[in-house]
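First comes the structure, then the notes that go with it.
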Amino acid sequence: MIKSRSFASDNNSGVHPQILKAIANAGSGHVVAYGSDNYTDRAVKKFRTIFGKDTEVFFVFNGTAANVLALAAMTKSYHAVICSQFAHLHMDECGAPEKFTGNKLLTIPTLDGKINLEGIKKQFAGQGDQHHVQAKVISITQVTELGTVYSVKEIKAITKFAHENDLYVHMDGARIANAAASLGLGLKQATRDLGIDVLSFGGTKNGLLFGEAVVFFNTKLAHDFKFIRKQGMQLASKMRFIAAQFDELLTDDLWLRNARHSNRMAQLLYNELQNIPGIKIPRKTVANSVFAQIPKKVISKLQKEYFFYVWDDEKSEVRWMTSFDTQEEDIFAFVRALRKVLK
Amino acid sequence: MIKSRSFASDNNSGVHPQILKAIANAGSGHVVAYGSDNYTDRAVKKFRTIFGKDTEVFFVFNGTAANVLALAAMTKSYHAVICSQFAHLHMDECGAPEKFTGNKLLTIPTLDGKINLEGIKKQFAGQGDQHHVQAKVISITQVTELGTVYSVKEIKAITKFAHENDLYVHMDGARIANAAASLGLGLKQATRDLGIDVLSFGGTKNGLLFGEAVVFFNTKLAHDFKFIRKQGMQLASKMRFIAAQFDELLTDDLWLRNARHSNRMAQLLYNELQNIPGIKIPRKTVANSVFAQIPKKVISKLQKEYFFYVWDDEKSEVRWMTSFDTQEEDIFAFVRALRKVLK
Amino acid sequence: MIKSRSFASDNNSGVHPQILKAIANAGSGHVVAYGSDNYTDRAVKKFRTIFGKDTEVFFVFNGTAANVLALAAMTKSYHAVICSQFAHLHMDECGAPEKFTGNKLLTIPTLDGKINLEGIKKQFAGQGDQHHVQAKVISITQVTELGTVYSVKEIKAITKFAHENDLYVHMDGARIANAAASLGLGLKQATRDLGIDVLSFGGTKNGLLFGEAVVFFNTKLAHDFKFIRKQGMQLASKMRFIAAQFDELLTDDLWLRNARHSNRMAQLLYNELQNIPGIKIPRKTVANSVFAQIPKKVISKLQKEYFFYVWDDEKSEVRWMTSFDTQEEDIFAFVRALRKVLK
Amino acid sequence: MIKSRSFASDNNSGVHPQILKAIANAGSGHVVAYGSDNYTDRAVKKFRTIFGKDTEVFFVFNGTAANVLALAAMTKSYHAVICSQFAHLHMDECGAPEKFTGNKLLTIPTLDGKINLEGIKKQFAGQGDQHHVQAKVISITQVTELGTVYSVKEIKAITKFAHENDLYVHMDGARIANAAASLGLGLKQATRDLGIDVLSFGGTKNGLLFGEAVVFFNTKLAHDFKFIRKQGMQLASKMRFIAAQFDELLTDDLWLRNARHSNRMAQLLYNELQNIPGIKIPRKTVANSVFAQIPKKVISKLQKEYFFYVWDDEKSEVRWMTSFDTQEEDIFAFVRALRKVLK
């Protein structure tokens, strides 16, 4: 039997009760469709309060779209996007970026999921050469796909290089809340203040039922985004229900409480694992995931009780993620189950 | 002040209380993401019970995507889609079909929103000629964009012609529930049994919070749809919440009760309008809309109280739609307001 | 037996002897590929001499590409192109514009192949509305697909409206030489001076072996065209051979001599047909084509000797075109053959 | 002054005299456009004589198109193409494959330009997983971009693996003539007999003015290629002029004579370089190129006399290519110039 709260991913969790309540509160009565409603107005205002008045926000259905449409707003088809070899954009979107934007993704090898100037410079080649795609965007994921978190300094180095070279910087912030919590920064400090041009602001993995926001700090990139979103099949008719969720998430720091909680749970799991022999933890836990190398046989045994993903088959490395609703007893039960199968 | 229940569109309404409850019931606990969960299994089974065992169902976020991805499953980029000049696909998707599929839409002039063999044959030309796009799909909207409903005979004539000529038939069923209710047919009788290959089954306009289903009766067209959906940015991570809504909608004929109710409300409005001088009703109401030609001045006055769309500026024709939650008193209040501005 | 010089199309003819000689002269020795060569420099300079110093010119392989890539330079994917229902772009490119640009083509009904402000204004709708494609380009064909020629006044009205409304004007000039000859205008007078932004300058139908030029008068649209051309698969490695042909075509008015000749031949055919009963000529010949309505039976009989296209099956209307190499005796022989089958 | 015959690329050369003659012979008289002519028939027959009766051949303008359209014939947009990190397809087409096909290219690191099963297997992952692009084609370049030539055994290993795993194999044969000459194989032996599904058969680099052929041995992939070519903007109206060139190239082994000659010239250059100190030749010359690592200063000095490309800036590696028209005295003059600047 699969346990009701597992460690497969933070999108295996359900909806935060306050979010559900916000949806229910928005549920009756008629409002104009497609975002011309008070719920959307209010949510957009909240984004502007947090990120700065001159911020443009557009809601979309999911993270794939937030990322791909953000790129579409920054590029022409002959442009290229520099990103990590592990970028979700590159590995897990079934070619959605190539299909919608025509862009090539120029990937950088990395051990910890982060990219740096050395790698970026190798891919930043052939500018002006008509045979070569033209790099236009650097996309970084924060928290990275390997559970690491870019420091302020690391991001600033990237955005500085980008802007000196007429490139934009996109942040895939599917877990930006967890990153900000980990860094002890506010949302604006963790994004706009570091020079990010466009942010994919994640909601689904932080307790929303569905919904992501594309947030433009470089607002000249936003002027025709409503058409890109519509042609990209991402304009919700009952927009109020995405807006109401984000409104709630940004009220009284619900986003932060959720992120801190899941980070803390991952830390707890990480700490517990220190005491278990036969497990190798390749990277320190700084957000809401733990990666662990465990014997192959143990994986399949444990998966009978808990659904989770093998991250790297060759290294026998698995990924465990915590969520806003993970409980301490879930961790302890999981660790007990792990100890059992390890024997 | 805009009234809380207006007549602008059936997507201006909120969520049906039972649907909201279904969402809440699915809201806690962890399940595997992306559709590998019991909620999705159960919803798919319900579709199969209704439409036949050999039916393939895929949930997507909205109607744009249901239509465009359905076309993508049926076409290559040099293909063309024959549809009405008023097809939502053509008029209201900001070019999403062209962008995603590369297809040209071959439109047919129509007075009542329906297309027929005469029009189709005019566009069905140049097959085999490399200079010409190759028609591959006929797409019909049921209920049509002009509020009319194709008869069984009309659809059968189209599907017969299509299949004799190696074409597929797609039905944009954003309001298929209203059409089935209007025709007194079951869902299978109103779609599969008439020869439809792929159906966009509408949820949002019949009381869902969000969510549409792409339903394949011609199942060989479905074999790679999961990749098309993912690359089309329409794979929901928390899929259970679309599935749970559809499960509820298909339980105890909620879909039919909602559709019948909104149809009845439109009929009531239609009947009331008969007695008001100065209004021309171009088409009999058979589903959940009333189109009316009223003096231009009256339009703007009425819009101060009720938000609704002008359908045809030249003809001074407006569209009023009813919804699952429209009440008799809403109709009467609206008619009173209309009478007042008409004076 | 098909006659060696027929009247099917001006692309059924071969290469003008001077053009062939220019190719041969450029044929030996090494030059840098992809356009960084003296032949290309010289040809570009010739274009600038004729069209104005601030002209940008790019050579491509064929007319499909000249038109489609020109549109790509003027649009984003959610834009739309307003054109005639008969536009080659719309009817004869197998959907190439939709595939490469994502644009929707908004077509205007026309009897004589020309579009006018009345028609354009009907399609120029929904600007700013996110549900609607955004018209950005008006494309006109000169000579039109129906053999007519826009007057200076007609084009100026279109370009004035366009520029007042933030639209660009593209001219499909596959037969611009014939149009200029017909109007008694220079090339610049017939294009740039009328307000055209981007011109597809036809070579193949005026005696070249292959090759068309995309000519930018609105040079800000050209700044990244080299990437669009390369990604559009239209960068010739041995570019010198397109350049050398255009150089020759623009030398000593070869373009004009060819165009005048073919126009005159069409006029001769047109005059001869006046005297033949049973033939209806729907439009006066002003360039290098004659359209004629002749009995269906006669068509097939004549086609045994001469290959040509039926333009409109319903009207039994055929198209006969003359070319730079059409001879008076070809006309007379054709007319004799026609008279014979008409008996 | 740049020398009239340089070593920059085999597309810096002009047209072989026999090819030019063939063009001239086809130059006058009218024939039906778009390939329905005797020249095209005859050329296609010649391809079938050489490659087997059940071969389908389509002419296109250039190599970019031959490769990209071949891929389009084999893939849907969610598919992926496995190729070398140096594949021309990946490095030098400005993103044309991504734009036209939507495919992701999965690249394999290589030192000698060849890919092998070890590398292929690493990229052949995630089949059936909706999040992952679906590998469908392996594309190999013969001669490779690094001047090496796959052996019969190496190609057979790749095609065997491909066909066992439901993949197609595409060969970018821009220099297939040089490879066949190097291997001592006939054209069919070097392609079809090794299991290749679709071949891009290069003409331009072997003495043609322009023109490449897409050759289908797996003919079921060809059934709709005429539409793909037309929508891909690659249908030549005066097709006879590509056809006549290929006809000539395939007559009396002109292709082989040209290839052997250029290979021999490269071998001569390679041999001469052995005796010059300060030059490192990383790979043995087996076809018509020599790669050499020479001091950076020497490069710029030599480029004053001879235009050529730096292949790898970091390694100070340059590429010199020979052509059908390279003469022994060109080699000796070049070597003298090189010796001079090396001093």
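Should a chain be cited, it is by its letter among A, B, C and D, assigned in written order, with residues numbered from 1 in that chain.
Assume contacts are C-beta pairs under 8 Å (C-beta built on N, C-alpha and C of every residue); 3 or more make two chains touch, one makes a residue touch a chain.
The model shown is predicted, which means the values in this text are computed figures rather than measured ones.
Student: Keeping to the contact definition above, tell me which chains border both chain C and chain D.
Tutor: Neighbours common to chain C and chain D are A, B.
Student: Between A-D and A-B, name the chain pair that shares the greater number of C-beta pairs in contact.
Tutor: A-B
Student: Between chain A and chain D, tell me the centre distance in angstrom, where each centre is the average of that chain's C-alpha atoms.
Tutor: 42
Student: Using mean CA coordinates as chain centres, what's the gap between chain B and chain D in Å?
Tutor: One centre to the other, that is 50 Å.
Student: Would you mind pulling out the distance in Å between where the CA atoms of chain A average out and where those of chain B do?
Tutor: About 33 Å, centre to centre.
Student: Would you give the residues of chain A that are in contact with at least 2 other chains, written as numbers and ranges?
Tutor: Residues 77-78, 93-95, 99, 102, 130-131, 134, 227, 230-231, 235 of chain A touch two or more partner chains.
Student: Under the stated contact criterion, what part of chain C meets chain D in this complex?
Tutor: 2-6, 8-9, 11-15, 17, 20, 23-24, 26-33, 61-65, 68-69, 93-96, 99-100, 204, 209-210, 227, 230-238, 240-241, 307, 323, 325
Student: Within their complex, state which residues of chain A touch chain D.
Tutor: So the residues of chain A touching chain D come out as 77-80, 91-95, 98-99, 102-105, 130-134.
Student: In the complex formed with chain D, which residues of chain B make contact?
Tutor: Against chain D, chain B makes touches at 34, 76-78, 102, 130-131, 134, 224, 226-231, 235.
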